[in-house]
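Consider the two complexes below, in which subunit A is the common component and subunit B and subunit C are the respective partners.
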Partner chain A sequence: MRLSLTSRFSAISALLPALLVMLVVYIGATSWTVWMSLTNSRMLPNNNFVGLRQYETLLGNDRWITSVHNIVIYGVLFVSFALLIGFLLAVAIDQRVRAEDTIRSIFLYPYSMSFVVTGLVWQWLLNPTLGIQHVLRSWGFENATFDWIVRPETAIYCLVIAGVWQASGLVMAIMLAGLRGVDEEIWKAARVDGLPKWRVYMSIIIPMMGASFATAAVLLSTGVVRLYDLSVSMTNGGPGIASEVPAKFVMDHLFERANIGLATAAATTMLITVIAVVAPYLYWRARKGEMR
Partner chain B sequence: MKRALFASVAVIATAWVSVPVSAEEMKAEVIHWWTSGGEAAAVKVFADQFTKAGGTWIDSAVAGAANARNAAISRTVAGNPPTAMQLNTGKQFDELVEGDLLADVDAVAAEGNWNGVMPAAFVAAATRNGKMFAVPINIHGQNWLWYNKSVLVSVGAAEPKTWDDAFAVLDKLKADGKVIPLAFSGQKVWERNLFSAVLIGVGGGPMWVGIMGKRDAALAQSAEFKAVALAYKKLKAYVDAGAPGRNWNDATNLVIQGKAGMQIMGDWAKGEFVAAGKVPEKDYGCTVLSNHGGGYMMGGDVFVFPKTKDASTTKAQVTLARLMLKPETQIQFSLKKGSIPVRSDVDASQLDACAQKGMQYVSNTAQQLPSADMLAPPALIGALEDAISQYWNTNMGADEFSAKVAGVLKAQY
Partner chain C sequence: MTAVAQPLPAARRPKRMTPARWGLYAFIFITALYFLLPLYVMVVTSLKPMAEIRQGNLLALPIAPSIEAWVKAWTSACTGLTCQGIKIGFLNSLRILVPSVAISILVGSLTGYALSLWRVRGANILFGAMMVVAFIPYQLFIYPLVRVFSFTGLGQSLLTIVMIHTIFGLPTMTLLFRNYFASLPVELFKAARVDGAGFYQIYARIMMPMATPMIVVAVILQTTGIWNDFILGLVFAGRDNLPMTVQLNNIVNSTQGERAYNVDMAATLLTALLPLAVYFGSGRWFVRGIAAGAVKG
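Up next is the complex of A and B:
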């Protein structure tokens, strides 16, 4: 199919603004960030080239190392638990329960809250002198202890709890759509064969819902990389540097600490990591497309 | 709705029309981060004085110090600067001076004899290449001890003077078991502030300047520094489990309500006591702990003025610089802000008992110690803050900590 010159022209001119935005905002800003990471810029950007010195500093920085550890822990636990709980909630609702609409709204409700609000609420709930531990002790359980948020070894898991609480509802909605898409005939056939319900889910339904799982996992993963506000509002990276995350490292060094060089080095490292994870997947997809 | 729309169009239109202002008309757009009740009242003192002098004050308050600084600095770099902007006394405007973006205030300073009435450290902090580029407007003491008098009386303790006294009082409070001995807000910046107070009080002024100002890595590995580190860590035994993440004003309120004995905090904490209707030296006490006869950690705020070619803006800048340091402005401002005047020649009798104590500390040059902001760039302070916070919150030993601090001091920040 060949397009006439005029319609090709109008297609290009329609795409031009988007193309410009893409070039200037994404490519331009990214290249500038990478260049800044090779300079010794502090509060104001400058062009004094220092090679990879900022990266050396970065890799020797305890807080950066902790941030990277934390994002891995958070990413794995957050995505798996959100998928698991979201799926179980969807299955529970799919059993034709009464007041389904109400229950669905309640489960989805946390997702309508920002991470800042989520973080504050959970900060209070988990605080040992105000929240759950305090309530349990006032009920007479003198030895009840739930002080994860004030202990450096466990603070990051508190972020996972709050994150999962917030995101599970969204996963539930996606999964529920997937479950509703399953043909009734399959259920009837399984019933005829006398398969127990859990077997049907494990062996038939879940494999059929690959697309729902992929959508949910991609949505959750983008939330992992840019994790910032939850850490700020819940623990502010503390106790100590125990719940610091990479995006917060970048923001703090960019603004409060007037260290553009180190901040952009961290941002560039984040970008390279994401590319390293995403590129093989894109390559695999492209190959699969070719083979078809 | 229609009327509002019309009004905003009219405002925009007038703004366009009035670009070529007459040289007589003074307008000052001032960016600052004073948004809380007491702070806003304090900055209004400047605004009222400027209005009285015939100018129009355009208030651009931005919540959050870092946000306000970023907004003002980006605009200055982009060529659309405000008339004046607030910064902390210290190194925050180094690069603005290097980039030739600031107007100096040398003439106003000479005319008002600022050299003669301001602590030398503040003159130095405002001076670059022999010229003054900033107007220091106040002094905040950052290492005060605030304590609840009746709580201390209840365990038979008097006001501590040294850190050794303070540990004795804390032990008594802990043994008594009714209150939290030390009210603490476990956020990085306050963990560092407490460490600074211990470093000055236990280690002494020369060690403070050696570490923060001279970046003496060998000093950071000395036995004396390790003793400071141990004293700091010892304080953790007097803090409650709810401290991590707490806000400083919540910690102050624990002292006010008698749920905690004492707190180390800057003099902005006084605002909380005042708001709760407490009287200094009657309900609560204030002092600066020191094992070596003193050391008052002084920080504060400055205003700087971006360079401009517009004569009326320059006039507004000079007027602002002049009126901010007038003795009566200084007193009025300090009353609202909780800080003390940057001028030593003002009548202190109107100030409260704690502010008068502060004036006494500052009047003695041996007591004057510059704050961290005045000695080190933000990047270095931030790296030290991370090290201190790690030390406070983990079971890191004093040796490892001092090695870490030495490493930070040697790195290029």
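Up next is the complex of A and C:
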């Protein structure tokens, strides 16, 4: 259908905000950040080009190395445990259990809460003087120790515990939708063949749920790179710099340490990581869409 | 929109409790404890006086429950410089929330509508690009945006934070409405065109009234998302408009001297109250929102 001139004008006017946001915010701001990472900007941005020197500094920066190290540990453990627990929960609920709605609400409610709330609750639970360790000792386990949050080498695992608690319900919801989409005929056929249930899950259902796993994994992974609130509220990066994460490194160097060049170099490194994770996924989705 | 898990008829539930089913229920029970523990501890801690917290057990029920900590958290807890409680943050969050949700849905639905039903040149490129940039971490935009807003004279203000939430909500909102409008029968749109209705008329009179379910989903998504935001509020709202999450973090993490854990937990619960109410009040709609937001592209 041909569009009249006024309608075409209206349609374009409606798209102006999106276009503006796209050009100014997403493309413009990102480019500026990448450019600043190539300068020696300190408190204010300048245009003194220094090549990749900020990236060299970054690689020699202890705090950055710790941050990257932490986010890798956090990312691997958080994504694996959230996927595992979420999937097991979805399978468990799919066994036609009683009180399904209540059980689902229990597993999903943490996802409605903020990372700040999550971080503060778990900070309290993991507090060695009055938290879980104290409870275990008062139950007669005199030597029980659960002081991960105050020990530099284990603080990051506390973030994993809290993160998994918050996000597993999301995985469960995605997986349950996938499981409910599985054709009843498959189950009937498996029953006729006398296959045990776990074999059906392992060899038939899991391979069929590739899309659900990919969606959940990508959602969780993008959350990993953004991780900031949890580190701030739960440990504030501590003890010392033991639970620092890249997003916090960027924020601190932008607003407290007045080192814009280094901060934007760190941010650009984050961007490259995200592209490496998301690009194959988007490509895969696009390919799948074409084949349909 | 993906299929939302539906409950199965109870008749097909196995009647006998086999050992395997006992194991199944044991697994669900133990994981449920892990999920419920924090909520339980938050509630009981907030109802105990400090003396009881110091001597007693984290899991014990309060011996002499009192709402004193709640009153203190609401009216007089200290957030750094001032001691006016978390209510300031609550009101700030509300003032940020209402316009942000309304404007982001308005802009997102209009964009989704223009991208789905109207053949505008380059529409697919714009849409594809929006889906890609949704994955970029905020750290890439924050500093340039701070500079742009201070250059325009807006600086850190209520208007700034509302605009920021609108900007960062745009990709998801657009996706939500574009996919919904694209799933409607195109004849409806054509008939309206033949009747001579214009672009904005069709949007306001036909499309938006039909999109009520999507509006509900969008309101849920944006309300929890904006209420739970920390980083954007911290950077863009300005000192006088800091949202509840930021104030909560200040109350808990910048205390001098002995920490009042009961007040901390009361303030934490107060901050979680609105998203929890949305979650338990909306039931399956929340899951629908997750499914819709999850399936990007």
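The rule we apply is simple: the second predicted complex is superposed on the first by the 258 of 292 C-alpha atoms of A that agree within 3 Å, B and C clash if a C-alpha of one lies under 4 Å from a C-alpha of the other, contacts with A are read in each partner's own complex, and residues count from 1 in each chain.
The rule we apply is simple: a residue touches a chain if its C-beta (ideal position, glycine included) is under 8 Å from a C-beta of that chain, and two chains touch if they have at least 3 such contacts.
Just so it is clear, the model here is predicted, and its values are computed rather than measured.
A.B. asks: Which of the two partners, first being subunit B and second being subunit C, lies in contact with A:257: first, second, both, or neither?
C.D. replies: The answer is first: A:257 touches subunit B but not subunit C.
A.B. asks: A:285 in the overlay: touching subunit B, subunit C, both, or neither? Say first, second, both or neither.
C.D. replies: It touches subunit C, and subunit B stays clear.
A.B. asks: Just subunit B (first), just subunit C (second), both, or neither: which does A:149 touch?
C.D. replies: The answer is first: A:149 touches subunit B but not subunit C.
A.B. asks: Name the contact category of A:120: first (subunit B only), second (subunit C only), both, or neither.
C.D. replies: second
A.B. asks: With the two structures laid over each other on chain A, which partner does A:73 touch: subunit B (first), subunit C (second), both, or neither?
C.D. replies: Touch status of A:73: no partner.
A.B. asks: Would you sort A:130 into first (subunit B), second (subunit C), both or neither based on which partner it touches?
C.D. replies: both
A.B. asks: Looking at the overlay, what does A:204 touch: subunit B (first), subunit C (second), both, or neither?
C.D. replies: neither
A.B. asks: Is A:215 touching the first partner subunit B, the second partner subunit C, both, or neither of them?
C.D. replies: The second partner, subunit C, only.
A.B. asks: Who contacts more of subunit A, subunit B or subunit C?
C.D. replies: Of subunit B and subunit C, C contacts more residues of subunit A.
A.B. asks: Quick one: classify A:195 as touching subunit B (first), subunit C (second), both or neither.
C.D. replies: Neither partner.
A.B. asks: Subunit A residues touched by both subunit B and subunit C?
C.D. replies: In subunit A, residues 123, 130, 236, 255 are touched by subunit B and also by subunit C.
A.B. asks: Name, in rising order, each residue of subunit A that touches subunit B in their complex.
C.D. replies: Touch list, subunit A to subunit B: 40, 42-44, 53, 57, 61-63, 123, 127-130, 147, 149-150, 152, 234-242, 252-253, 255-259, 262.
A.B. asks: Which subunit B residues qualify as touching subunit A in the complex?
C.D. replies: Residues 66-67, 70, 73, 77, 92, 94-96, 99, 186-188, 240-245, 377-379, 381-383, 386-387, 389-390, 392-394, 404, 411-413.
A.B. asks: Once bound in the complex, which stretches of subunit C touch subunit A?
C.D. replies: Subunit C reaches subunit A through residues 2-8, 10, 12-14, 21, 24-25, 27-28, 31-32, 34-39, 41-42, 45, 53-54, 57-59, 107, 110-111, 113-115, 118-120, 123, 126, 129-133, 135-145, 147-148, 167, 170, 174, 190, 193, 198-200, 203, 224, 227-231, 235, 245, 248-249, 252-253, 261, 264-265, 268, 271-272, 275-276, 278-280, 286-287, 290-291, 294-295, 297.
A.B. asks: Hey, which residues of subunit A end up touching subunit C in the complex?
C.D. replies: It comes out as residues 1, 3, 6-8, 10-12, 14-15, 17-19, 21-22, 24-30, 32-33, 36, 45, 85, 88-89, 92-93, 95-98, 100-101, 103, 105-118, 120-125, 130-132, 134-135, 138, 165, 168-170, 173-174, 176-177, 179-181, 215-216, 219, 222, 225-226, 228-229, 232-233, 236, 246-247, 250-251, 254-255, 260, 263-264, 266-268, 270-271, 274, 278, 282, 285-286.
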